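Here's the structure, in structure tokens; my notes come after.
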Amino acid sequence: MENELREKAKELLESGEVAVVIGYGFNRKKTRITPVFITKPEETDKLVFNELCVNNLSIYLTRKYRDIQKIGRPAIVAKGCDIKNIVVLITEGQTKREDIHILGVTCSGVVYKQELFKGELKPEIMPSKCHNCDVRNPHVADTVIGEKSDFTPPEEPTGMVFDKIKEIDAMSDSARWDFWNEHFNRCIKCYACRQLCSLCYCERCITEKNMPQWIETSAHPRGNLAWNLIRAMHLAGRCTFCGECERGCPVNIPLNLVNQKLVLTVKNAFGFESGIDENVHPPMIVFSEDDNENFIK
Amino acid sequence: MPRIGVFVCQCGNNIEATVDTQKVADETKKLPGVVHTESYKFMCSSPGQDSFKKAIKDNKLDGVVVSACSPHMHEKTFRRAAEAAGLNQFQCEITNVREQCSWVHHDETRKIGTDKTMDLTRMTIQRLKKNRDLTKITIPVTKRALVIGGGIAGIQAALDIADGGQEVVIVEKEPSIGGNMARLSETFPTMDCSQCILTPKMVEAELHDKISLYTYSEVEKVDGYIGNFSVTIKKKAKFVDESTCTGCGECWEKCPFKADSEFELGLSKRKVIYTPFPQAVPNIPVIDKTRCPKILKDKCGLCAKVCGPQSIDFTQEDQLVTEEFGAIVVATGYELMPNKDFGEYGYGKITDVISGMQFERLASASGPTGGAIRRPSDNTEPKNVVFIQCAGSRDEKRGVSYCSKICCMYTAKHTMLYRHKVHDGQAYVFYMDIRSGGKRYEEFVRGAIEHDGAMYLRGRVSRVYEKDGKVIIQGADTLSGSQVEIEADMVVLATALVSRPGADTVAQTLGIGYDKYKFYNEYHPKLKPVETVTAGIFLAGTCVGPMDIPESVSQGSATASKVLALFSSDKMAREPITAEVNKQTCNACWDCVTSCPYVAIEKEEIKDRKGNVVNMLAHVNDGLCQGCGVCVCACRSKAIDLNGYTDEQVYAAIATF
Amino acid sequence: MKIPYYPGCTLNTVAKDFDTSAKESARAVGFEMEDLEQWNCCGASFPLTPDNIMGLTAPAKVLSEAKKAGDRLTTLCSVCYNVLKRTNKVLHDDKARRKSVNEFMEDDYDGSLDVVHYLEVLRDDIGFEKLKETVTKPLEGVKAGAYYGCMLLRPFDDIGIDNAEAPTVMEDMLKALGATPVDFPDKIECCGAHLAMNNKEVVQRLSGNVIASAANEGAEIIVTTCPLCQYNLEGTQESANADTPNVPIVYFTQLLGLALGQDAANLGFDNNGGATEKFLKKKGLI
Amino acid sequence: MPEEAKIETEGVFEPKIMAFVCNWCTYAGADLAGTSRMEYRPNVRIIKLPCTGRIDPLFIMKAFENGADGVLVSGCHPGDCHYTTGNYHARRRWTAFKDLLAFTGIDLKRVQFSWVSASEAIKWVELINNVTDDMEALGPFMKFKEMNKKGPNQG
């Protein structure tokens, strides 16, 4: 599979069809996977793909990485779940489908965090998204690499995130409040969640708008709550549940819970799943006259 | 430091009774930035406004708060006064302390009212501090009006606008203007012949040098905004060259093929090349391309052979033209409810059950029977005719909930026309209520009953069926409390007036609202009856709801006055409550473009000095933006803000809370 | 396909033929009607006063029982259908009355049942096209007038089986059976209904009108969905002082059974008026 | 005097309710309540916006941060929006936001949504009275107030 990937990347670079291949490679010590940006055909051997490739590389397609954009037309190695983000980026005009070459890789799951990997990909070190993955075969791609997966996701989503959401839903208001307060209180406003998120591509984040300062920038519980809730709102109907924000959070705030909660809301209320079709507008900027309004008096 | 003035109105005793306005004035004086406060008996009075202006000048105020009645009442008044005193009018803000405080909290100790007034005033002061000077937006105006629909309302609007010296285009989808009124026989309550009063207007419209008629045409697309609409019109192929056709009639005389006449509602035939009726304007025929054998299979072509000026052109195609207009009058009219659903009235099954409009054609001198009342099945003169009112109207379950308004009157007219033409005939009318409000209307109905002997039966008809060449009507007469059965020769249904099929599509094309019956929504049903929420688009006639000819004509004239007012200057000013994009922070995600209800946000190309497109960013079109603020919420980076309701203003108000 | 079925008092007694012919025919077209284990009278009339809770309890009990058997309930008698369907709607839509009824019955029925008439099953589940294919003995040359009466159609908002003013469901069925449906003006008029108890003259006048109206349009046989209509129409014909044409009055399921090839002896034509068997013999159907 | 102290000393709790309403329907409805001299509880402070479509979840967060015990959001009924569709957009936004707030443990009685037309003065009055009652029953929004008291965390 890796050979196939390298061959294709080489071909793309040689033909000049793309100027850079954004992919996965090993770090110098060969212990960890890190993003690599290949511009020379002879360097395509650096490309790898394995169960450690958890990173969502779609972030390098955004305006946050203008230096990469400047190199020229990119090819990007992407798992199905990463492609969902690319689809959202296309929907939101951040890139054009024809401006990128998607090297879709079939995937049989990745680790939740690389350091958990001890030579074997056990279910318990895989994130919830992998257990429920419906895109192990890339759904939007120019080239698909790897053997076809015949994995079918369970009808009812399973995994820690979903269990925890159910658990929280069943809690009392004050228990929920305490749960989140405890987590959000830890927030140090480092914005790693934002930095890692390919859909947090704003030229200026709302928290950096200081006239008026809607969200307090200090790591005060009050501002922490506002930040985390408003960020979740900004991702409502867009978040693909890639999990990068939670993976990157240095204080381990379970952001997957908030995001998945809204993914479920959007799915139940508006029948929408993000990252599937680039021609469908995200649900929060459109409406249906028949939307449920039983909560409105 | 800002220099703010606060003016607390006592409104006689309306505010003063529950609010200690002097205390509010004294307390607010202590707030930072407030340099002048006063309490006054009637701020909106002339002396009140004078002192307001004087205070602005004397204290060199750069912002004013008036704590008084609702801004819906006097915001304009005070803003105008502020402007007169040299202040930008958007530096004047109103606190609503009458409708939303003093009138709703009846506390005699005045504590509640005073406290709340203080709070509200403080919020307004903080908001005001974030106000920016705004200037009214000026938009150039294309002095050319489009009238959609060439019925009486549209014709009247066009004539009045044209008489006011401005150019008008009437777009009519039928081959002739005239609309439903052209079908009518005589009109209530004066009984003058509809065609006699309508035809001169039609001709006048045709001959007016400021009016262009686009018949057999439909509006396809509307872009732009008030003063600057760009409208694409489809001119359907007539297969007749309008510039050379003389309307001699040779072609339709000779055409050997016939079809049901739409104008005559199926009561007679027309040719395949035809004008809908003899007085058609323009008097130029069209070829029905769905039936013409020449067009369908290249056979016949007789019309082309007999045409003197060689005007027939079988190769013509539909044409799309795009033209600029400053205002649009929508006068698309009505239809009668299709009656196939009225099982109990046997409509569609029984030939001699006809609609009121079909009766108009029977009674019309130019109609299929030359004005003689003949029933459709066997062309005999009906001696007993039953008129059933409210067929579909006021029937929420299976018809429409509203009253169609004109049926009581036209049914009375029908009974009269019938009696005038069939002297020994008897008319029966089943009615629910007789609604004859209007000048000389009630007298008219009385005339039908007392002079022309129509038998009015208050009650509903339960069943209509055929028996031995008669139409049997079973119904209730609730006044005598008995059931009645009438053997009639013909039944006339006063079917409900409904909007035209496709009225919703037209509304969507124009961007105007409509109700559940697809009648168009007025801006305000009482005070802005001919305006729509979309500036520059006006409504006339029955596309708004059932109305009679005088009302439709009045509305036509009313829209004309609105259009002429709009065209009275080369530029128009409008409130600057519009969204604005910060180009530095726009992500070009186009969420604003998608969510905008007005298509007011465009993708603007940003070019470098060489003219290469380097970027695309959102741009708000001031002419189209109505200032709802949906885009502001859609924008995650808050690169859009709404002037007049900026984030800073709202934030300041919340933060004061 | 099995559908829970509520027979009702009349179909269990005087209109037994209606019941058996319907069940037989159902089997022939591919569904099974299962009698409810427990049932009582439907109440026989729907209470029109909104505060009459007691009037709702009998049908509510039936519905609650039916819910135990499934999500749908079918029935044949127009009156039972009308009462059950409307009661069900009340229990579904009107929280307050649902609460009162349930409190009284110590039950928790929520109106979630789908009450359907046998004709609806034929039309919507089986389909008249399919029915037509199942017919083995087409009723060729039989001019049949479909008489609906009141209860099967109205009030329209509550019942909604067909256009209340110009219904066609029975005509469509008759067409599928190979018969020639005859439309007649009085097909949805009242037969006189319960006035059979105390005012026979009215019944004779109204039922007489119906029969005359059908005969006038050329109907040779009248088809009903209601035991009470059948009783009133036939009773009117048989009464000595009525001057009405002698047209057989049968249940629609009897003709259905006949067309589906069932043994005519089991369809109960011998319990219909004398003219019935004669007519069917004349047409060569029995 | 800080609010909590006031409750302790005076035994009264006057909830603070912030209402975000649209200019065309609810604001006009509230005006009509005034013109009709109806009486209602004085605890509400209205912020007028052109349309419910302009009401950002940020406003609601900020209102709580500034000590609101309850927030009311109200606009035109579906189909009546002055801007034709602004309220439909708002409705979507609220659907997601209310779920999120509930998930965080905020009692949804604290944020109430309503449609009040320009003619529904009675509905407005009842709404304000009910919301005020609800807030009184719930008591001061201590969750937020306590959070406000906390200092910045030390990371």
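A few comments on the model shown:
Which chain is which? They are A, B, C and D, in the order written, and residues in each are numbered from 1.
Just so we're on the same page, a residue touches a chain if its C-beta (ideal position, glycine included) is under 8 Å from a C-beta of that chain, and two chains touch if they have at least 3 such contacts.
All of these numbers come straight from a predicted model, not from anything done at the bench.
Central chain assignment: B. Criterion: smallest distance from chain C-alpha mean to the mean of all protein C-alpha atoms.
Looking at which of A-B and B-C shares more C-beta pairs in contact, the answer is the pair A-B.
Averaged Cα coordinates give chain C a centre that lies 56 Å from the centre of chain D.
Chain A and chain C have Cα centroids lying 61 Å from one another.
Between the CA-based centres of chain B and chain C the separation comes to 50 Å, rounded to the whole angstrom. With touch defined as above, residues shared between interfaces to two or more other chains in chain B number as follows: 595, 634, 651, 655. Touching of two or more other chains is recorded for no residue of chain C.
Chain A has residues 206, 214, 284-286 in contact with two or more other chains. Every pair of chains that touch is listed here: A-B, A-D, B-C, B-D.
The residues of chain A lying in touch with chain D in their complex are 168-169, 171, 173-181, 185-188, 206, 214-215, 218-222, 224-226, 229-230, 232-233, 236-237, 258, 261-262, 265-266, 269-270, 283-289, 291-293, 295-297.
Those residues of chain D whose C-beta lies close enough to touch chain B in the complex are 16, 18, 27-28, 30-35, 37-40, 42, 45-51, 53-56, 59, 62-63, 66-68, 82-86, 89-90, 93, 125. The residues of chain B lying in touch with chain A in their complex are 584-591, 594-595, 616, 634, 636-639, 647-648, 651-652, 655.
Across the interface of their complex, chain A is touched by residues 57-58, 61-62, 65, 78-79, 85, 88-89, 91-101, 103-108, 112-115, 127, 143-144, 147-148, 150-153, 155 of chain D. Listed in rising order, the residues of chain B touching chain C in the complex are 341-344, 397-398, 463, 465, 467, 472.
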